[in-house]
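In the two complexes that follow, chain A is the common piece, with chain B as its partner first and chain C second.
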Partner chain A sequence: MKIMEDFHYWKFKRKIAPYLFLLPGLIMLSLFFFWPILNTFRYSFCKYDVITPPVYIGLQNYNRLLTDQSFIQALQNTVKYSLIVVPCLIVIPLFLALLIDQNLKYIKFFRVLYYLPRIMSLVVAGVIWKFMFQSDGVINSLLTFVGFGKVGWLSSPKVAIFSVAILTIWIASAYYMIIYLAGLQSIPVSLIESAKIDGASKFRRLWHIIIPLMKPYILTVTLVSTVGAMRVFGEVYILTSGGPGGATNVLTYFVYQRAFSFMKMGYASAAASILLGILIIVSIIYMYLFSKGEIK
Partner chain B sequence: MKFKNKNSKLFVQYLVLILVALIFITPIFWLVSNSFKSMNERLFTYPPRLIPQQPTLNNFREAIDLVNIFRSTFNSFVIAISTVALNLLFCSLTAYPLARMNFAGKNGILILILATFMIPTQAIIVPLFILVQKMGLVDTYAAVILPLGITAFGIFLLRNAFITIPGELEEAARIDGCSEFGIFYKIMLPLVKPSLAALAILQFVTIWNRFLWPMITLRNVEIQTLQIRLVKLARGLFGADWRVLSAAAFMVAIPVIIFFLIFQKFFISGVTEGALKQ
Partner chain C sequence: MKKIALLSFVVIFALISVNVTAVAEEKVEIEFWTILLADAFGDYINGMIDEYEAANPNVEIKWYDTGEPITEYMTSLASGNPPDVANMHHPRDFAARGVIWNLDELLTEEQQDTYIDNLYLYGEGEYEGGHYAIPWYGGSASGMFYNREIFEAAGLDPDQPPKTTKEMYEFANIIAKNTDKYGLSWDTCGWHEQHVIDVLVWEDVELLNEDKTEAVINNPKAVDVLNTLIESYEVGGIPPEAVSSSGRDTLNWFLEERTAMFVQGGWIKRYISDDLMEKIEYVKVPLGRDGSRVTGTPNWIIISKASEHPEIAADFATFVTNTENQVEFCKLVAITPTTKDALEDPFFQQEPENFNQLAQQLAIEQLQEDVPQNMLIPQAENWAEMLTILKEEVDRALIGNQTTEETLENVERRWNSLL
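Up next is the complex of A and B:
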């Protein structure tokens, strides 16, 4: 009898053990992650200034957002910025990965060099580029040197968003390069070699063999960099503060300002809910492709 | 003839590698150069000058004061170390059953955790701040440490490590009467030490470099991290000179660069291990 009792106890323990292991982590995630997601939506229907308790006001925040020029501009800028950054981050890191995948002496040294911008904080990188982007800064100085005119990198409303994008690309390329590198190294060498023997040119090998095999990695980079572009904040905060004239104001910066400069928590939450909605759609696509094994 | 061709091909290969490297490192050199330039030297010269004419350390002296370097380095250090410790604890506990046990709801939990990859702090920052404020944590280290104490990246990195351990070890221990927690703590955890180390190293730098969340929750100057101090300097709150700002940025960057050079292999392989291989 004792043995049977032990057996049941043991079986019970094995059954609840996984949940006991998961408990602390799930509490942390619920408290600091899932609960705030729900609250973002909840506060978006309220007027909330932190000092007095939230008051339910229905869809008023959303109605106001739709007529708020500065919100529309932030939404447009986020899309514009994504359209600049995402294609660049799909192509440039692939090129970099091909470079550092070569079988050459000292190649590891170059990998380290290419990764350096990524390791420094956004703040440091922001300081470096803010200085270079000044109207008498080194970039304009070089441009005049080779005979071009000065560019208002941070002062021209048309150019500023590109400057923000350049900073992002400079920092983030190395990250996607490493993802691509993992992909390139998973391609069997024999495949490339046999194509070489068949006389396929370098470009044809890239286009017909490497790129099709890299499809899952390209999809991964596309999705991850899209999410990255939607959440851009630091580059804007440090380089331009959303200026000039709101030309680089993005969704996250809009949320930040409404919440922490103007203390409009409800209104900020409504804007954040729209950002969350976009991110959730992208995540669902990501998870769908992930479950089908289309991405790594 | 053949030999000559091969050499010129090599030359081109290295030339491209070096030119691309210049794009990545020239801006860093430019920062270092400016941080050593004296106040007598003009910064906005035409053409630009990379080597300082009269190198000086004065900018660093001023930057040390402005950034309150000793205090803020200490703050950054406390926050980074504690966050790493929490991540090792919570991520390994969470990753272990997801890798080695079968139970109802496992896939649902995996998908939920995967979703956290995609939702950044920026999108939930308002309620997160309100929560931390209600918990009375504003202006404490815990305000930064707790919300960052578990990450999907860490969970997936460790899950991949736990999955690769052969099952026999576990069965043998179970037959010997080892408890489930005992198996985890005494057998499994030591076997994934390399991944724990990788997680610690990668997380340390990530946390060290973060600024948005710490900036929002740490308002008291005495408790602010290096990045917060630097970002305030960069936004011109103290009207600092570019030379001093460069010196400050260089000082903030240098420990991380050294840390990276020591542990670089973790960075170049680690990115893929956590997020990508399922």
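Up next is the complex of A and C:
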């Protein structure tokens, strides 16, 4: 009997133990992630300035957002920015990873060099790029030297969004490069060698072997970079403050301004909830594609 | 039995000792916030705190220096634990929400009369007839720096700086035309996007009707002022990045000698290299087209309603802002005091021995001049949002996306939707 009791107790412990190990993480996630999200959603139906108690106003915040030209512009800018950044972050890091995935002397030095932007503080990087983007900065000086005219990197509403994107791509490429490098190094060498023996060119090896095998990594990078692009804030805050004329005002900056400058936390919460909704939809689409195992 | 009795005695004695000690040491704790003063003025603040604590042994001041006063104060209010005394911007926003004390209830008339009337009675601390904030130190827009070398290179007389805004923009345009520099360090952003409204207030442009219920900013004077600004921007008198700058960009442009003129308080001297100091002069702020000037808003001290010891908090606040302490503070940096007696202190009457004193005397002289001194204070609820709207629309005008008339029409329409 005692043996049976011990057996049931051991079985119970075995079932419950994994959950106990997960519990601390779940508590932290709940406190610092789920609870704030739920609260944000709650406040989105309220008039709330953080200081005085929230007052329930139903869907008024959402109705106002639909006709707020600043919000619509922020939404458009966020989509525009994502459409610029995401393809670049899919392709450029892959190219960099292919470069550093070679058995060359001093290749480790180049791996460190290409990773350096990632370890730099966003503020420092932003300030440096701000200097470079100035109308009389180094980039325009080079362009003038080679015969092109000056570009309004931070003053032209058509160009400023690209300037913000350049900063993001410069910093984030290093991160995704490492993800791709891990993927490249998981490809069996024998496959590549076989293709070489069969006379496949570098391009054919890349297109028909490497990229198909890298698809899970490409999907991961696409999902993570899309979510990251839609949540961009620091680059905008440092480089352009949402200008010129709102041309780089993105959803997160819109939320920040409404929450902390205008003291309209309820209104900001509604905008944040819409952003969260968009991100959830995007994530579901990508997860569906991921489970299917291919990009349609 | 004996052991139990002995143990009980020891425990009881220990408990009594702890309680006695706790009672004897019980102090009133006052939390005091300042804004970005710790790095350069830590000794001064700590000295003041030590002096106050020595005179009030039952009070302990807990000092915290913040770089994001409004955000952190809002967070502290939300958590129910705001500081007792805080150096703060935009006190009116907090007065409107009933979270700070009306100082009419905490300070005597004599104490309130200490401060410069214009600031205390009619400044940003005033709300619906009550007075919610003590002015502490002023520093912004007290003068104009200009680079003599750039003036000379542009063919301008370095001994004849602009005395009016009209001249200022003209000089800026000449500098842009004759050199590879920009004339004026100005942007549409600044602290909480105030720089556009700054220009309009400077020129005494009417913004709202008397009741503050309707925007009247679309008027000929505003058109004229904006057209001058746009013209200067188009010819390079103002850097192109003025429409997307942030933080201290305008200061950095001047320090880099990218721009020739910069309207700002003398407190920025600590960022100016010795080499640059040799090349620049500091003069009065040019007068607007109708002879008016905009006075910078001082820093404010507020007392939270949630303070458990508001009388002690008020006492400490008046100590920090008293004449003696303000004059001592002014000896460390080119800021201006906010008490009436401080303005009469011999320190500000003597021949200036250094740049700081020169800057202070210049600022005080301007304050005492008989010209319209327009204060930059919020004129309506949703003021922060109104400033952002103004900035966005003026940005579009500066980059040529819309005319001045369209800009002001848009601003008026959008402001009216908020009023």
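Rule of thumb we're sticking to: the second predicted complex is superposed on the first by the 256 of 296 C-alpha atoms of A that agree within 3 Å, B and C clash if a C-alpha of one lies under 4 Å from a C-alpha of the other, contacts with A are read in each partner's own complex, and residues count from 1 in each chain.
The working rule: a contact is a pair of C-beta atoms (placed from the backbone, for glycine too) under 8 Å apart; a residue touches a chain by one contact, two chains touch by 3 or more.
In this text the structure is predicted, and so the values were computed from the model without any measurement.
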item	value
Three-chain arrangement built on chain A, chain B and chain C clash or fit	clash
Which superposed partner A:50 touches (first chain B, second chain C, both, neither)	both
Contacts of A:241 with chain B and chain C, given as first, second, both or neither	both
Partner chain in contact with A:111 - chain B first, chain C second, else both or neither	first
First, second, both or neither for A:260, with chain B first and chain C second	both
Partner chain in contact with A:136 - chain B first, chain C second, else both or neither	both
Partner chain(s) touched by A:12 [first = chain B, second = chain C, both, neither]	neither
Partner touching more residues of chain A, whether chain B or chain C	B
Contacts of A:70 with chain B and chain C, given as first, second, both or neither	second
Partner chain in contact with A:290 - chain B first, chain C second, else both or neither	first
Touching both chain B and chain C, residues of chain A	50, 130, 134, 136, 237-238, 241, 260
Touch list for chain A against partner chain B, complex	13-15, 17-19, 21-22, 24-26, 28-29, 31-37, 39-40, 42-43, 50, 96, 99-100, 102, 104, 107, 110-117, 119-124, 126-132, 134, 136-138, 141-142, 144-145, 170, 174-175, 178-179, 181-182, 220, 224, 227, 231, 233-234, 237-238, 241, 252, 255-256, 259-260, 265, 268-269, 272, 275-276, 279-280, 282-283, 286-287, 290, 296
Complex contact set, residues of chain C against chain A	70-71, 74-75, 77-78, 93-94, 97-99, 180, 188-189, 192-193, 239-246, 249, 258, 382, 384-385, 388, 391-393, 395-396, 398-399, 401
Contacting residues of chain B [partner chain A, same complex]	10, 13-14, 16-17, 20-21, 23-25, 27-28, 30-31, 34, 44-48, 89-91, 93-94, 96-98, 101, 103, 106, 109, 111-120, 122-131, 133, 146-147, 149-150, 155, 179-181, 184, 205, 208-212, 216, 227, 230-231, 234-235, 242, 245-246, 248-249, 252-253, 256-257, 260-261, 264, 267-268, 271-272, 275-278
Complex interface listing, chain A residues touching chain C	49-52, 70, 130, 134-136, 152, 154-157, 160, 237-241, 243-246, 248, 257, 260-264
